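Labels A, B, C and D are assigned to the chains in the order they are written; within every chain, residues are numbered from 1.
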Amino acid sequence: MSTDTNTKFGRYGGQYVPEALMPAIEELEEAYQRYVLGNEAGFMDDFRERLRDFGGRPTPLQRAEQLSERYDSEIYLKREDLLHGGAHKLNNALGQVLLAKYMGKERIIAETGAGQHGTATAMACAHLGMDCEIYMGERDINRQRPNVFRMRLNGAEVNPVTTGRGTLKEAISETMRDWATSVEDTHYVIGSVVGPHPFPRMVRDFQSVIGEEAREQIEEKARRLPDSVLACAGGGSNTMGAFHEFVPQEGVGLYAVEAGGSSLEVDEEGGVAPNSASLSTGSEGVLHGARTKLLQDRDGQIMESHSVSSGLDYAGVGPELAHLVDEGRVVPVNVDDDGALEAFHRLSQLEGVIPALETAHAFAYLENEHENLGDCVIVNVSGRGDKDLESVIEETAEREIDIAPDMDVFSGGGL
Amino acid sequence: MSASRIAEAFANGPAFIPYLAAGDPDVESTKEYVRALVRGGADIVELGLPFSEPIAEGSTIQNAIVRSLSGGMTPESYFELVADLDIDVPVVCMTYYNLIYQFGDEEGPEPFVRRAAAVGIDGFVVPDLPAEESGPLREACDAHGLDLVFIVAPTTRGERLERIMEQVSGYVYVQARLGTTGARTDVSDQTDTSLGRLREWDVPKAVGFGISEREHAERIVGGGADGIIVGSALVNIVAEGTSAGSVTRAQNVAEGSSTETVAERLESKARELKEGALAGRENRPQPERP
Amino acid sequence: MSTDTNTKFGRYGGQYVPEALMPAIEELEEAYQRYVLGNEAGFMDDFRERLRDFGGRPTPLQRAEQLSERYDSEIYLKREDLLHGGAHKLNNALGQVLLAKYMGKERIIAETGAGQHGTATAMACAHLGMDCEIYMGERDINRQRPNVFRMRLNGAEVNPVTTGRGTLKEAISETMRDWATSVEDTHYVIGSVVGPHPFPRMVRDFQSVIGEEAREQIEEKARRLPDSVLACAGGGSNTMGAFHEFVPQEGVGLYAVEAGGSSLEVDEEGGVAPNSASLSTGSEGVLHGARTKLLQDRDGQIMESHSVSSGLDYAGVGPELAHLVDEGRVVPVNVDDDGALEAFHRLSQLEGVIPALETAHAFAYLENEHENLGDCVIVNVSGRGDKDLESVIEETAEREIDIAPDMDVFSGGGL
Amino acid sequence: MSASRIAEAFANGPAFIPYLAAGDPDVESTKEYVRALVRGGADIVELGLPFSEPIAEGSTIQNAIVRSLSGGMTPESYFELVADLDIDVPVVCMTYYNLIYQFGDEEGPEPFVRRAAAVGIDGFVVPDLPAEESGPLREACDAHGLDLVFIVAPTTRGERLERIMEQVSGYVYVQARLGTTGARTDVSDQTDTSLGRLREWDVPKAVGFGISEREHAERIVGGGADGIIVGSALVNIVAEGTSAGSVTRAQNVAEGSSTETVAERLESKARELKEGALAGRENRPQPERP
């Protein structure tokens, strides 16, 4: 069924998974071809209608008045933060859970880092009446408690993953293990454009509504294409979702903003990269089913990554992004934790939009490089920051951020 | 191609194939344990080269991998360990593809295979490398005369199965049940079905995933398997030894705990399983000749 | 300027405020006539565009599949929870802050109960570059900490109000006191259809986009008008916003669902009503600038109200709603804390929509009375429940709610 | 209409109008304090009937209201207190409209006004009742011969001012500054502007909001006011007495604290303010007669 040409993006991608999963992946690929690409049984119509009525699409493309003035250019925000659940993640989660339903699956599993993909999946499962179990690193559970609670409220089980550092990487591995056991009645809703084919392609297709809408909206509002599109990149799903439509438009600069963490230097000895900049600094390897750019040591052991934002805290990245970087079509850039936090505060104060810490990375890059991004820039606001309040209080307290508000009213402690 | 050392290991009856994670908890212990398993009757040894993301492994082997990696195990020290082993049964290297892919200065799996061949490794099992992606490794193995074992899952059927069976060499690893590695207390019915499906192919079939007792071994070989692969049940013994913090008989006696060393326990567990396998062959209904 | 006929709704409404505020109120009324009713300087066009691009309007009208099946009728959700900030409150806050800007005011003050109006106002102020101070009862600050933090992030000051029980009533009084001092350069953005004329009318006009959209949407989807529209009622702004368009349609039943709290009985001695059911159980009186239905004792002292949901925890209600109840056009009903909590869990699990605790009241009424609400029901989902997670954990732990999820994963404490 | 007792109180020079919250901290104390203020020179007494939502009050009077309400003050006990007062200066009831509106079995303000008249109250100030809404209360006051005082704010001008001045009787309460009640340390310039705006009307102008010292009184009367209204400065004295927990001279002496009782301190503060007002009149530039 799958041939080398369509399972890969250039040298990246593929299907590096245990044999037990291969039949399920082939079944998925068939379903993807039929339902997603072929709109069989009106799947895509059903999906788009649910994205609209349940999800709240289209999301606005908002001209950011204060930022436009600050940078003396036209800055537009693609408001995925307004999607149900508070991030772009629902586009994909709803698509996959619906597809699983069309395929006759009964149970959904998923991993989550920031909890946004988990909440989106749990919401989609409640909406579609599917059983749902979410794997989440213990450390992330502690960083993102409101999201954990939201998953529970939507009826999902949340399974803490205690291996490794307890972040997204471990959660993905653990979900794959579950899937290897349950593959016959279960679909694994992977949360980004990662994993074995057909996931990277399919997730991108579900997410590309972002760029499709944005293009239509910018053409209506500005009567032109943007000079640049910025999106943060963890696995890269909001990134590919925002970029896909613009890839053929050579004049549009595409910037994937990764988490520079506390430093770009790695600690080979400890196996720790204090960042998640796999596109910018990683090397080719195989992780979680795909060949892609990775944070790994000389031997090929995967490093523990780090970012102030759980959703970017991942050692890999989608294979299509890796390919587009190699091709020179996508520019991989990164900003550090400090810059992201500052940008978080800046956007909250200037525009009345509290971004996710993940998203804040894109705004930090805008702040630093706006002079080189042209006159018309779209920034994808991949999610809202409600989930991050606790982290922001803590992380802000550890730094000197001039523009951060004084937190006196919280003298009684955290949230 | 002349019959490989691995193929030969199946020649004299059911093969007992134990698995250990190399470097768990350290290189010297692994050598001692492997030798004990050979004394206990191992026909082939699967030696895991630990990878940080072992997606096919259950918690027992995950923990072994953590112990090994924190003990400093690397591909290079793995090769040195194998080179030092000095055993007369074939060694199969079980690892994940990224370690194979990254090794050496040239791109691709060839440098890894070359080095493996040099230290006396006879074949590979790579759980995250399905037939679709195995071309480059298959070539390198052929070039160096190594076997490439593939796993066949209970879900593998029809065309997929054929594609795998075209590529496999040494033996086919019959995954006894869905899921990850890990000792179980029962034998899955899926095993018989899988063996049935594989009957037409003339390559040794070794069953693994969940085998932990003599009875399991007996039933599985009785059901037609050419070998049994046992990992977690053995790794558990290593883990107990580690957590007891005592590896010598003197210490054990002094502390009043089990009087056997880990190596001794591994050896006797191996013997038990090997005996089970042999008994299974006795019970096997003779294929009716028409 | 203002005459008896347009400052009142039947016997309710009026302008019972200190003289110091009257000139500001007259100025506001004039601005309301010119900009809102007369669209002078394109105010309403500007407003609607911002509601769309910044706020995310239109919000969907979603057919609730699981509820429709459960109740064997067509249940539609008007998804105000998807509005920026997470509640209908932005419709009004954005309208008023924009109006204040057109009026040349420099500073915005507002009260908040659940924190939703405060966050909406803070967001609107950041968006429009206005200074902002929010008054909030100390007790509510503790019940709704994430919202307090969000206001601070948007650059607003949050002033704790320590008088009385520290809830919405006291916050309104305190904001009026500020306004009496600062009236010349400051606009008071009141958060519901309460207060002196022209607030009740103006806030209703800003909110009535809810019902206008819902009507268009239901006519498109169901090709008919609904039999019933349900909305929770605190001050009554989401209520009037949802109802206004349907008031002339006699066949459409309008149900204002109030907080029955723990009991409808009052403790006259203690001056406490353990509920906020002013439409259902209150009597006529004058509070915060308007004649309306109130929770008061025999002498006319205002009672402390109570509800598990801060946003409904108010002793008064909008005068227009009081009037519509007297006229028999709106049916005042109520459900208690227990019912609301249960409905919160039910909606979260069945539909993948986590409602605000305020909103949950409307769903509790639906559960109890669906047989009497006809074949086609619209429920206004006034807000999302993210702000309520902490309260829900606590309040759920105090009760036996069969459908509530087990919170083992939170064994380490609250959020 | 014959001149009211309130109008007469302005006849003999500048009027000193103290305010207290009735029932702060209890009924008996209020009676004692009011009498002390009269001894100190009060020409009219404004006695607050506490309302739970005093939106025009600053924190000093808010706290007084909390003390009074928790002491059990009700409209009925207020009326009884006034009936018992036995002073020979007019009493103005300051309260919020809801209490007036709710009183008695019939709808509207009439029952409240009737009862007030019966206990000897001479007029009302209702801070949340602007001229626009005062029709029913104005009628009831007329029917019972009571005055209805209106507040004029610094922001009140033009048509609004005229509408108010058509309805006012007794005196006009000139709000010295924007904001709520509360003692201040300075006099607002807005006062002069407001008094200027009111010059053409022939009704006594009493200035309140923020007056706390002799000098304030002197300046304000010097600027043309016919009276001064002082609330928070006096309520502060009551509050101190309450928090000291001591109301008799004996106790104060015994405890070595201030040797004066609250009543004595109120009386001397009243005297100070009254003297200030009188001095202000002396300094007032004589209106030039053309």
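Throughout what follows, contacts are C-beta pairs under 8 Å (C-beta built on N, C-alpha and C of every residue); 3 or more make two chains touch, one makes a residue touch a chain.
The model shown is predicted, which means the values in this text are computed figures rather than measured ones.
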Mutual neighbours - chains that touch subunit C and subunit D alike: none
Taking each chain's C-alpha mean as its centre, the one farthest from subunit A: D
Centre-to-centre distance between subunit B and subunit A (centres being mean Cα positions), rounded to whole Å: 38
Mean-CA-position distance for subunit D and subunit B (Å): 96
Computed distance of Cα centres, subunit D from subunit A, in Å: 66
Subunit A-subunit C separation of Cα centroids, rounded to whole Å: 34
Overlap residues in subunit C, where contacts from two or more other chains coincide: none
Overall pattern in which the protein chains touch one another (line/ring/star/complete/other): line
Touch relationships between chains, expressed as pairs: A-B, A-C, C-D
Residues of subunit D touching subunit C in the complex: 51-58, 62, 66, 69, 74-76, 96-103, 127-130, 132-133, 150-157, 160, 164, 175, 178-180
Subunit D contact footprint on subunit C (complex, rising order): 2, 7, 14-20, 22-24, 26, 163-164, 169, 173, 176-177, 180-184, 271, 285-289, 294, 296, 298-302
In the complex with subunit A, residue positions of subunit C that touch it: 52-56, 59-63, 65-66, 79, 81-84, 86, 122-127, 129, 141-142, 145-146, 148-150, 152-155, 158, 160, 345, 348-354, 385-386, 389-390, 392-393, 405-407, 409-410, 412, 415
